[in-house]
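Take a look at the structures below.
What follows is chain A paired twice: with chain B in the first complex and chain C in the second.
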Partner chain A sequence: MTNTQVPNTQDPNAQVPAVRSRPATPPPAVAVRPSVRDRGTRLLAALFLAPTVVGIVVFTVVPIIGSLVLSLFHWNVIDPPRFAGGANYRTTFTDSTVLVSFRNTLLFMVLAVALQLLIALSLALALNARMPVWLRSLFRSAFFFPLVLSAASISVVMKYLFNQDFGVVNWLIGLVGVAPVPWLTSEHAAMATVILVYVWQQFGFSFLLFVGGLNNIPKEIHEAAALDGATGLRKHLGITLPLLSPTLLVASVVGIINALQVFEQPYVLTDGGPGDATRTVVMVIYERAFEQLDFGEASAVGVLLFALIMAVTALQFRLSRRFVHYQ
Partner chain B sequence: MSQATPTLKASPTPRRARHSLTPWARIAALTVCALLTLGPVIWTVSTSLRTPAQSFDLPPQIIPTHPTAEAYRGVFDQIDVWLLALNSTLVTALIAVGQMITAGLAGYAFARLEFRFKKPLFGLVLATMMVPLQVTIVPVFLVLKSMGLTDTLLGLIIPAFPTAFGTFLMRQYFLGMPKDLGEAAMLDGAGPWRIFRSVYAPLAAPGLAIVGVLAFNYHWNEFFRPLILETSSQNYTLPLGLVSLQGNLGTGSISVVLAGVVLSMLPAVAVFVVGQRPLREGITSAGVNR
Partner chain C sequence: MTDSHLPRRTLLRYGAYGAGAAALAGTAASWDRLTGADIPGRDDGSLVVATLGSAFDPATVDALTKGFHQLHPDIPLRVNAVQAVDWSDFFAKILTQIAAGTAPDLVYVATEGVQLFAQKLGVSLDRWVRRDAAELREYFADVHPSLVESMMYEGHLYQLPMEFNAADIYLNKQVLKRAGADFPAADWSRDDFTALLREMKRAGDAHFTPYFWTNRLWGGVVPWLFANGTNLLKESKAPGGSWLWDTFYPAADRQGRGGGFRWTTPQATADRVEEAYDYLASLVQENLCSRPEGGNGSNLVGVFSTGRVGVTPAGGFWAGGLQLAGMRAADYDVQYFPRWRTQRHQFGAAGYALLRTSKKQEAAWEFIKYAARKDTMTRLFQSNQTTPARRSMLNAARYAESGPAHWRVFYDTLDRFPDTGPIPAPPQVAEVTDVLLKYTGTALASPRAVGPALRRMQGDLEQAMEREI
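And now, the complex of A and B:
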């Protein structure tokens, strides 16, 4: 591994000794014109950071504050905004569609993330066994291929594959004698189908994380464990998983944040139906804001989604303190 | 561990013999999984090459008996593929280049320059990775509206320039470069700009490629923002145009829809083939770096 090729794994603290080492550089270089050099550095830093920081402030920080403010107003773009106090939030908590969308999104998150991590981890472990290099890279490419496709167009494809009457999936299960399933038209099946389609496309992300994480585990540890008589499942549960736990944490944090924002799959596959069975929070935000022009309530739902994401992520980091081991 | 001790005494040979069977089972299972993963894509390509009348045939012909480009002609008749592709290319390419520039510069500043408020600023950048796009979309829409940028391609491009993840990636990348290079240049009298321009920037190319490929992949496929920001069809990008093709189901042909899907996939597949390594490294490093 060359230093310049591979993204570095240093922790942020790594720069601290570097800063301290500055006085250690030959005194003349520092002493000649330190103030000029420092001003140049600061100016350069300001120039370099300006596009990113200004962009983030204008398109993320200000909009977050904007969402908080908007959620306190009634506004339909046409009439001037009217102060609403907590009315939008009250509507949210009594609106059955919104409540159902939160329930759906949480259910989706739990099932989709669990399934995605399980599949990704099993495949990464299976791929970690001895096999020809070309075969391994073939499998690896196959598993992360769906990730490069667009969720919208994949959902269009899946809509036909899961069609009750002429879909390939029902034909396939018909071959082994299973009766046709109303994949997209019955309440429970529709949610399951949305989850399957989502996981099909997304598991490659966690898969790649796990492949990277497994590569980082020193071989000696497994060899030592084998000498101690650890095998198969025991080896994985007792050694691989704890060593992989930092990667597992990242995969689940990213997986949960993404899952809570699911939109394309239910939008294209079921349009939230049947009834509200697959309507997700983001679909509700979209519908309230851009179909019903109720910007206030849309913002309130958005703020609640943000709060939910923060809460879940914080909870995860807290729980992870007990389960994540750093080498 | 106490239970592991007896197994230590058991001879390792039977265990090895049992293990020698599993590689084949493992490879077979992996093959089935790979087929499940690629199956929908293979079906899409093969159906797009069938005649509209045959597009519903079951069992599906994986290799069409009479391959035809009829469905592709249908796509070109119904939507302005060239315009959509031009829009998508313009938006994606400009965002990718923009992100490489902004992330490269900001990443370098965070990794190698000293200035006040460095830590809180970096914290701010990292924190925005957690903010879901959908929470900010209404105010972003209003900001763009006030700038007269809604329903323009520029409105899609400009807000996508700053990239928290790309900045983070580039910072790690620059941190990985030896510090002595810059110090040697400094002793030779190079100022901070010269050190960046002549020493570190040229070394950053592979890292920038990761940022560019990730940006290309994400924004080529992007659906949510274009759906909200672009109202007139001459500003649509490919994913939006595709979903509008779905009306074809009514006329009894899915091959036209799937031909559209294949057309929109082509650049993504090209990036997959050419940019597979940077793409993989970009994703993998997300798990290793934190």
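And now, the complex of A and C:
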């Protein structure tokens, strides 16, 4: 006789014990060993995964730990590192340039990602309409093309185009009587120009994701909605967007991580100016490390940027539980 | 039957996989491939000389190495041409090499890095200069003492200057003709300069910019500070250096020389500094000059040669560039920078710095001496991409094709204005430069921004100068 209570399955009001007691006799100890085939598959999987895991450990995990350690030291490359405790972090929090760079980067992230997603989604929806295949392919290639070009090269060309005195853009708007715009030399216009150049280059990635996402939405759902009388905008808001939400999540996560690490465009176009108007966090890291030989402070700023990226990404995934719908 | 028994077929299959993997690994291991050891001169005990990639063309580098090999067949030499956008980028790459444990023995360093390298990385050349004084007497007699003084730090000499560039003014003669203006006199004033810009603007179209300048340490706002008798950082001279002056220079030339420049206290809020900024701001507001961020040195030759710019500050290095851009010697000319309270000019110089980490310091010194010889420098500076530090190399034949007509201005800047000095470049030069560029942009971005921008510049400069490198 055991003290095990067996619930009365006939009585719906019968209470199920909160804690189950151990069975009187343990099950026979049968060792379940993986088959040779299973072990072989696991080995093969491990072999295929190994290069990536090694790559991530060597090129991501170790540098992250290295930066974390370095942020606690003063190091100028030339002399041996000296322990600094939290001094680099204290300097970082009181350095107006660093604080402004974080503000700029967050502003850049919000505006650039929003614009990038909006343009990419609009163009993907437009391209989803009926049109000849060759034209669709042409548009896809054209929108994706800037992404395969070097950001630095594009920025050099754009610097010429947006030059206030000799640029083609001001020459063109001058033809219709508009006064020259200080695209890169005004505190207000410079950030907008940098965002414009960045979005032009980057939206192709989100665009391709959206094209793929739209293709995955079953036609039957739209047909059923049409039978129920749903029209264009209603269909997009009620069906397309909810079903595209996983793609939107991926595009926004990647977009935000990229935007928080922006460097080439503001570095080449404006060198962070005028003043600090377009100085971003990664630019500050570069300047502190390679121009001012302060690798400790550069690492401290890098660690803070890493924390910011992690926090923003975690927040996105947290919020995604409420807004992302899977079929 | 349990799973622990290995079926024969499975055993054979995994055996085959293993053999295949071993064969692949063996093939990969035995395959001929490039490694770091295949790079010519790498780790072979060569004397490694790092130069700014664009400074010398491959033929010049070839001539340099062959000539040195003939003189010193026992010293293998490798010239490492580091590609970089500017001096700051170049130093960053050299420091990366040092951090990676592949430091060169010698580095071509310009004024921007002289004190940084001297303080942190360099070896003073004093003992070798003293030892080989007889051999070097001819060199020093040919090189202006101002250039040598700019290579000294706290009483010691760290480099032999090879080249320099003072900020003189280039004028497009087509633009002068269009404006009906005469070529300015050597002692022209700041007001003459402004009047000339206005005449040029009147005669030009909407896309014409009379005065084009770039926002950088050399040739930006600093020439105007010098002309107004001031500087960004309070300037003084270190004691010492008499061992060199007394040995190589006559009394008249060593008058007032010291042990190198000291740039210490920031003075961005000084009246004369603000006055210089106010003047530049007025030029910007009158559309007589390019804005600080608009000025980009890389397209300057193009816009000047096509007549879209009237005047610009540049050194001897521009003569070669303009010739390449298709300008004839008669199309442009050069004059001294205009006078304000003074007519003191600014310059930047460059030479080879010997690194402390070098294990071949004697061989490196031999290279420094070899590079500073007149025949070597003549081979190095064939086209007019810079101003050679040796006075005797500036002659009519050199500028016969490329111009300009007033080529004597390049070296005479040093002779005519003996107080002409190097751009302010303390060991904290990178941060000082960043602060200067940043607040120059802010100061000239909008009307009445000069005062607040300079006050913030002063604060940041004080912080920068207190920072330990």
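Rule of thumb we're sticking to: the second predicted complex is superposed on the first by the 269 of 327 C-alpha atoms of A that agree within 3 Å, B and C clash if a C-alpha of one lies under 4 Å from a C-alpha of the other, contacts with A are read in each partner's own complex, and residues count from 1 in each chain.
Following the convention adopted for this analysis, a contact is a pair of C-beta atoms (placed from the backbone, for glycine too) under 8 Å apart; a residue touches a chain by one contact, two chains touch by 3 or more.
Please read these numbers as outputs of a predicted model, since none were measured by experiment.
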Does chain B (first) or chain C (second) touch A:Q292, or do both, or does neither?
second
Which partner chains sit in contact with A:M131 here, chain B, chain C, both or neither? Use first/second/both/neither.
first
Classify the contacts of A:G273 with the two partner chains as first (chain B alone), second (chain C alone), both, or neither.
second
Between chain B and chain C, whom does A:G40 touch in the aligned arrangement: first, second, both, or neither?
both
Which partner, chain B or chain C, touches the larger number of chain A residues?
B
Go through the superposed model and pick first if A:F166 touches only chain B, second if only chain C, both, or neither.
both
Quick one: is A:V157 in contact with chain B, with chain C, with both, or with neither? Answer first, second, both or neither.
first
Figure out whether A:E264 sits in contact with chain B (first) or chain C (second), or with both, or with neither.
first
First, second, both or neither for A:L184, with chain B first and chain C second:
second
Kindly classify A:L149 by the partners it touches after superposition: chain B alone (first), chain C alone (second), both, or neither?
first
After overlaying the two complexes on chain A, where does the chain B footprint on chain A coincide with the chain C footprint?
37, 40, 159-160, 166, 171, 290
Which of the residues in chain B come into contact with chain A in the complex?
1, 4-5, 7-8, 10, 15, 22-23, 26-27, 29-30, 33-34, 37-38, 40-41, 43-44, 56, 58-60, 101-103, 105-106, 108-111, 113-116, 121, 124-125, 128, 130-143, 158-159, 161-164, 167, 169, 172-173, 175-179, 183, 186-187, 191-193, 196, 203, 206-207, 210, 217, 220-224, 227-228, 239, 242-243, 245-246, 249, 254, 257-258, 260-261, 264-265, 268-269, 271-272, 276, 279-281, 283-290
Interface with chain A, chain C side, in the complex: residues 2-4, 6-7, 10, 14, 88, 92, 95-96, 98-99, 120-121, 206-207, 209, 290-294, 296, 299, 303, 308, 428, 430-431, 434, 437-439, 441-442, 445-446, 453, 460, 467-469
List the residues on chain A that touch chain C in their complex, please.
33-37, 40, 74, 76-79, 97, 159-160, 163-166, 171, 174, 182, 184-187, 190, 270-276, 287, 290-294
List of chain A residues in touch with chain B within their complex:
3-10, 14-15, 18-19, 25-26, 29, 37-38, 40-42, 44-49, 51-56, 58-64, 66-67, 70, 123, 126-127, 129-131, 135, 138-154, 156-161, 166, 168, 171, 200, 205, 208-213, 216, 228-231, 234, 246-247, 250-251, 254, 257, 260-261, 263-264, 268, 282, 285-286, 289-290, 295, 298-299, 302-303, 305-306, 309-310, 313
